[in-house]
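Listed below are the structures to be examined.
Common to both upcoming complexes is chain A, partnered first by chain B, then by chain C.
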Partner chain A sequence: MRQTILSASVIAAMLFCAGVQAQSDPIKIGVVTPLSGTYAGIGQQVKWGLDLATKEINASGGIAGRKVELIYEDEEANPAVAVQKAEKLLQVSKVDFLTGTVNSGSTLAVGQVAERNNRLASTTVSFADSITADKCSPNMFRVNARAGMQSAALAEWLAKAKPNANVYYLGPDYEMGRSTVAAFKAAAEAKGAKTAGEVFAPLDNKDYSPYFGQIRGARPNVIYTSVAGNDTVRLMTQMAEFGLNRNLQVLGASGTVTSQNLAAIGKAADGFVTGVGYSTTIDNPINKKFVADFEAAYKAQPDLYGADSYGLMYFYKAAVEKAKSTDTDKVREAMRGLQWDTPQGTKTMRAGDHQAMQDMYAVQVNDGKFVIVGKVDADAAIGPDTCTKF
Partner chain B sequence: MGEFSRPASSKQINSLRLLAVLFFAISCVFAFIATVVEDVFFLRLATEAMIFGGLALSVDLLLGITGLLPLGQALFFGFGAYAAALILKNWTVSIWLVLLACMLSSALVGLVAGLIAIRSKGVYFALISFGLAQVVSKIVFNTVELGASDGIIGVPNAQILPGLSSGQPTVFFLFALMFIALVYSLLNYLMKTPYGRQLIAIKANEHRVAFLGFNTWRFKLSAFVLAASIAGTSGALYPMLRGFVSPELMFFQVSGNAIINVIVGGTGTLIGPLYGSALLTGLRSVVGSFTPHHQLVIGVLFMIVVILFPRGIIGYLAPMLDRRCQKGQGTVQQEARGG
Partner chain C sequence: MAEALEWMQYVLAPQVINGASIGVAVVLMALGLTIIFGLLDVINMAHGEFYAMGAYAAVILIAIGIPFWWALLLTPLFMAVVGYAVERTLIQRVFHSKDRHTLTLLLTFGLAIVLEDVLKIAFGANPMRIETPIGGSIEVFGLFFPNYRMFVMGMGSAIVAAVWIFIFRTRVGAIVRAAAFDRHMTASLGVPVNKVYALTFALGVALAGIAGVLLAPIYSVFPTMGRDFVLIAFSVVIIGGMGSIKGAVIAGLLLTQIQSISSLYISPVWSDPLLFGCMVLVLMWRPQGLFGRLGHG
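And now, the complex of A and B:
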């Protein structure tokens, strides 16, 4: 008799454990991001942002009672590698959700893998408009601001700060450089800015002085540039040496002056304005806590990639808890139109093209720091929904 | 040095054939097991290894047989991939038509590139082939009509027969395997013809071949065109597998990896590059999941192989296997050959 009771209770205990086991299986999220190579710095911010949010979520009980597990794969910022890694995560590791891609080529290719495997994916970094416009996918969501929103924020600020702007455009001579200039030009002209002229210098250009004569001859009061990295360092220091930036407002793309090249540019960067979706100085309690925790954990400041990746985890958490499932169709339905809180304020996922709407900021470099000088509401910055695929 | 002056190398061909049979047999067994356990990822990874194996074969034809180092073979691979992606998206999903079109068009591109590159020798040839690939990849990278830096997504699956498409992992793996077996047999056969011997002779001593009254330029150019066509047709399989193309497929990394596959596998053995491709594609995928320093691991491995087995893994195994066989069979075969 005692034997039977004992064995019965053992079996009951085992059943109970099995039940709990199934319930508390972790939710797996695959992160395909560049951990080596040129974009490793961005991949690092993505990882820090995701790790920090995951730690917080797990500490407070996980998503719908289930722990979250992140599985990283290095994609080397190469779509051919990214696709292979994404398939591995989906088919071998059986992840529920994919994120992490940085360059737009990888994001588009991984979005397609997700679509063909009937799983959802998200980018927190890629800003090419096409991802949520003509190349949109029902399985891809973007939680960060796209290029058009950055341009819109900057153009809005320009229209207020310099009502009769005469803008000269200087970009690097390659496809991304040209399309960034074209996008801002369209946004600025729509707000009444005039165009003084435009010129494209080769990538990795050493000497910008040959262009300065043309620029001065066109008599602009604003210069917009989409150069990046070390090109910005050379352009800005040379402009300062020639005294070109006197009485001239310099604007740029969000990647033109970053925390990575700001120190090298030094004082020549002062006064530079750009449009971005995040700044560490955004004044809300979530951001204050986020910046403090981030700095405590990683001894570095978060940038927009870290902030957007951090926000993504709460987006996914909100969606799964609303759907009460990790099923693709149910989560997709829950994600559409979802509102959630992030360090950048409340974001809304637009249902029509899976592009997150958020307040945008114009930030100015002042003494080596980015200071918010203008804010554009989400509705004004987002632009029309041009996705026709779903 | 080398195979040219040593008729006994016919012995080595025997063990190479054995290793070739082994390669295709293992592939078939792998396909069977993978299908039974309903694996998708490894089948598709193996298909990718086959596709890059085709590129490695084309590199071996130039590097191992003819003695030309092509640093830009990815140009033709990428060309074939883009051509196939555009044809699949806009005109037809028939795999046969796509492959035929890519085979011919990449041969044509190979002819143009060959006319430029074959004029020079040695390191100059290597640099010109490298430069050509860089130029074309930059042009593609900046051409909006070709998707610029983003490449082209949304390439549909190719149809092999009604009901069989490149979207079915087992079907497409077997198709790629068949394709590679075909290319391998063709090259293997060519090596036994006078044409193949001319190529080997050019590698051994180009000046002497010219003194014997042969136009080496014509042989080198034809080998280059054939290699371009093989690389282009292999590349055409890529978008059928992955559904997209991007300019990275033309970058030096692809050309460099192909050369590493050839050298690790065994230069000039033809089957070696296929082993190398299978091994390294697998390794890159697996090691990358454990450490972000996977490039370092592959690099060290490459150096170890080059130092310990300068003729590559197959180049090391084949003669060893031969010695084993010789012990067993005695000298009967050798006499037969000699007579």
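And now, the complex of A and C:
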């Protein structure tokens, strides 16, 4: 008897809730990001950036009056795991939007999952050009700078600083590594740099010393690398141990050395130059507030991942409020061509390939700090729209 | 001519020396495997996990404030106890059965899976780092070599030499070889063969433990660290001749040199396929390996 009353009241409560559900239920955002493995440090920045923006948005009334709830899943920087976790978030947790993927392979795979489930997804980290070029998806948006944009700023700096560059390329052996190396090679060669050779090492490689023989044999005066996370820590400390970085300019992708792994690399990172879409020294009020809040909350400096992930929340907020709905088609329409404010200044989401446009910088590590040494405007850095899927 | 000399000095020499430092570590692993096989006729599939356990033991010791050098000394002692216990409680149970080969293979394989998961549960999947105890590099003929890798090479060579002397030049070593050659005869001369077996197994496991500690600062420490490394050690043992100490040493150094020098011309990701290719060739033309078994030489 008691049970019947109990279940009846539960049903009544449920019926009551259903009436107001659409307005008061939180907007759920699924975050599939590496919380363990070689990219765990990157996932940490993603989480901090998203958490900080979500806290701010919820404190100021949420998105279109609805609170935002983030649901995290660990993808271990492994595309196969990312797909399972993304399916779970979409099917079980019924999230409205997906983000967080770091590994470019994971981003491409999750993009397909989103397409099948008719939901939107965004990456705030992945570099591979293909994500918003030949493998673009109507359901995938990228708010961070892709490999080609980073290369434009870096190649411009290299042509000025080292006119007789003979570059050796070392990348991680997957989508991102191949893409960043190809993009920078094209940009550098267009500016007159020579190519000494290239080699690719597996992701999460433990010992780079077997690779040093080929590098020594090619006699480069510049090394470009696009390894990231803990791989960079091992590569750079091993290069320093073997004296390989003497008389050599080391360049890299924007994820190679960040504030997240800079401390672990230490002195071996000094002199490193990268093309990047973010620096804590960018001079605008949003960035100043963002850096101060970030440091106060997490006792660490934000890097490009933290900044881009932070900016993503405002991108989604702007799109949903413009669309006045979380419906996939309406939000997609609102996202196309959208302009929004981020710590990196105003970004524009290009409608043709879902790639955000932004100013790009060349930054150098000097005594453990990033210093801006060059800048390329958004229009010059973005490159042609080669997406033909939509 | 000057160019060729400069190439040898600047490109070839560092690659050869680096290969040798990895080679010594591989030999340490292979030595443990080959001694266990040579004497007990057991293929120890859990050898890679004992290697990982050694590395984790060092991580724990260093975390509670013990210096690296003490960890290097204590870990093999601890691993020897583990090895002794595993031999007495697990291997001895199936050792005297008719299907000894299959049963010990399955037993150690199962143990490997359990140990790897235990490490994963206890320490998590993320790699841990041990700070390099000797930092810096030395400069030889204008080339830089990390001090620690030089130390690994020296220490490893000393351990290999010590094992060699122990097996071939001491009375206990003679008993071990005799037990490997004919255990019934040795037993009837009053030697406690079972104890010899357990101690030898412990020695092999301790060697894996030392390799784990020595390599931890270079490769970092993670639960699956033994899996790739033990495959290389197995190939070395098969190429050198199952149970041959000489074979393990020579094949270990030779194969890591092949890997190192080939890496000058092809991508180092090919060095493992190359190694396994060598193993297939040896199995085709000289299935017993390059050298004979322990006690049969």
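List of remarks:
Please note the rule applied: the second predicted complex is superposed on the first by the 266 of 390 C-alpha atoms of A that agree within 3 Å, B and C clash if a C-alpha of one lies under 4 Å from a C-alpha of the other, contacts with A are read in each partner's own complex, and residues count from 1 in each chain.
Definition applied: a contact is a pair of C-beta atoms (placed from the backbone, for glycine too) under 8 Å apart; a residue touches a chain by one contact, two chains touch by 3 or more.
Everything numeric here is computed off the predicted structure, so don't read it as measured data.
By the document's definition of touching, of the two partners only chain B reaches A:Ala109; chain C does not.
Of the two partner chains, chain C is the only one that A:Gly217 touches; chain B does not reach it.
With both structures placed on the common chain, the touch criterion links A:Gly192 to neither chain B nor chain C.
Of the two partner chains, neither chain B nor chain C is touched by A:Gly337.
By the touch criterion defined above, A:Phe200 reaches chain C but does not reach chain B.
Within the superposed three-chain model, A:Ser36 lies in touch with chain B and with chain C [touch as defined at top]. After overlaying the two complexes on the shared chain, residue contacts for A:Phe242 are found with chain C alone; chain B is out of touch.
Legend: residue contacts after superposition of the two complexes on their common chain; A:Ser209 is shown touching chain C, with no touch to chain B.
Within the superposed three-chain model, A:Asn230 lies in touch with chain C and out of touch with chain B [touch as defined at top].
For the contact definition in use here, the residues of chain A common to its chain B contact set and its chain C contact set are 36, 40.
Against chain B, in their complex, chain A makes its touches with residues 35-36, 40, 73-74, 78-81, 83-85, 87-88, 91-92, 103-105, 108-109, 111-113, 116, 128, 130, 135, 174-176. Per the touch definition, chain A reaches chain C in the complex via residues 36-38, 40, 76, 173, 199-202, 206-207, 209-214, 216-217, 230, 234, 238, 241-244.
Across the interface of their complex, chain A is touched by residues 39-41, 44-45, 48, 141-144, 148-151, 153-154, 242-244, 246, 248-249, 253, 285, 288-289, 292-295 of chain B. Within the complex, the chain C residues that touch chain A are 7, 10-12, 14-15, 18-19, 22, 124-127, 137, 139, 143-146, 149, 218-220, 259-260, 263-265, 267-269, 271.
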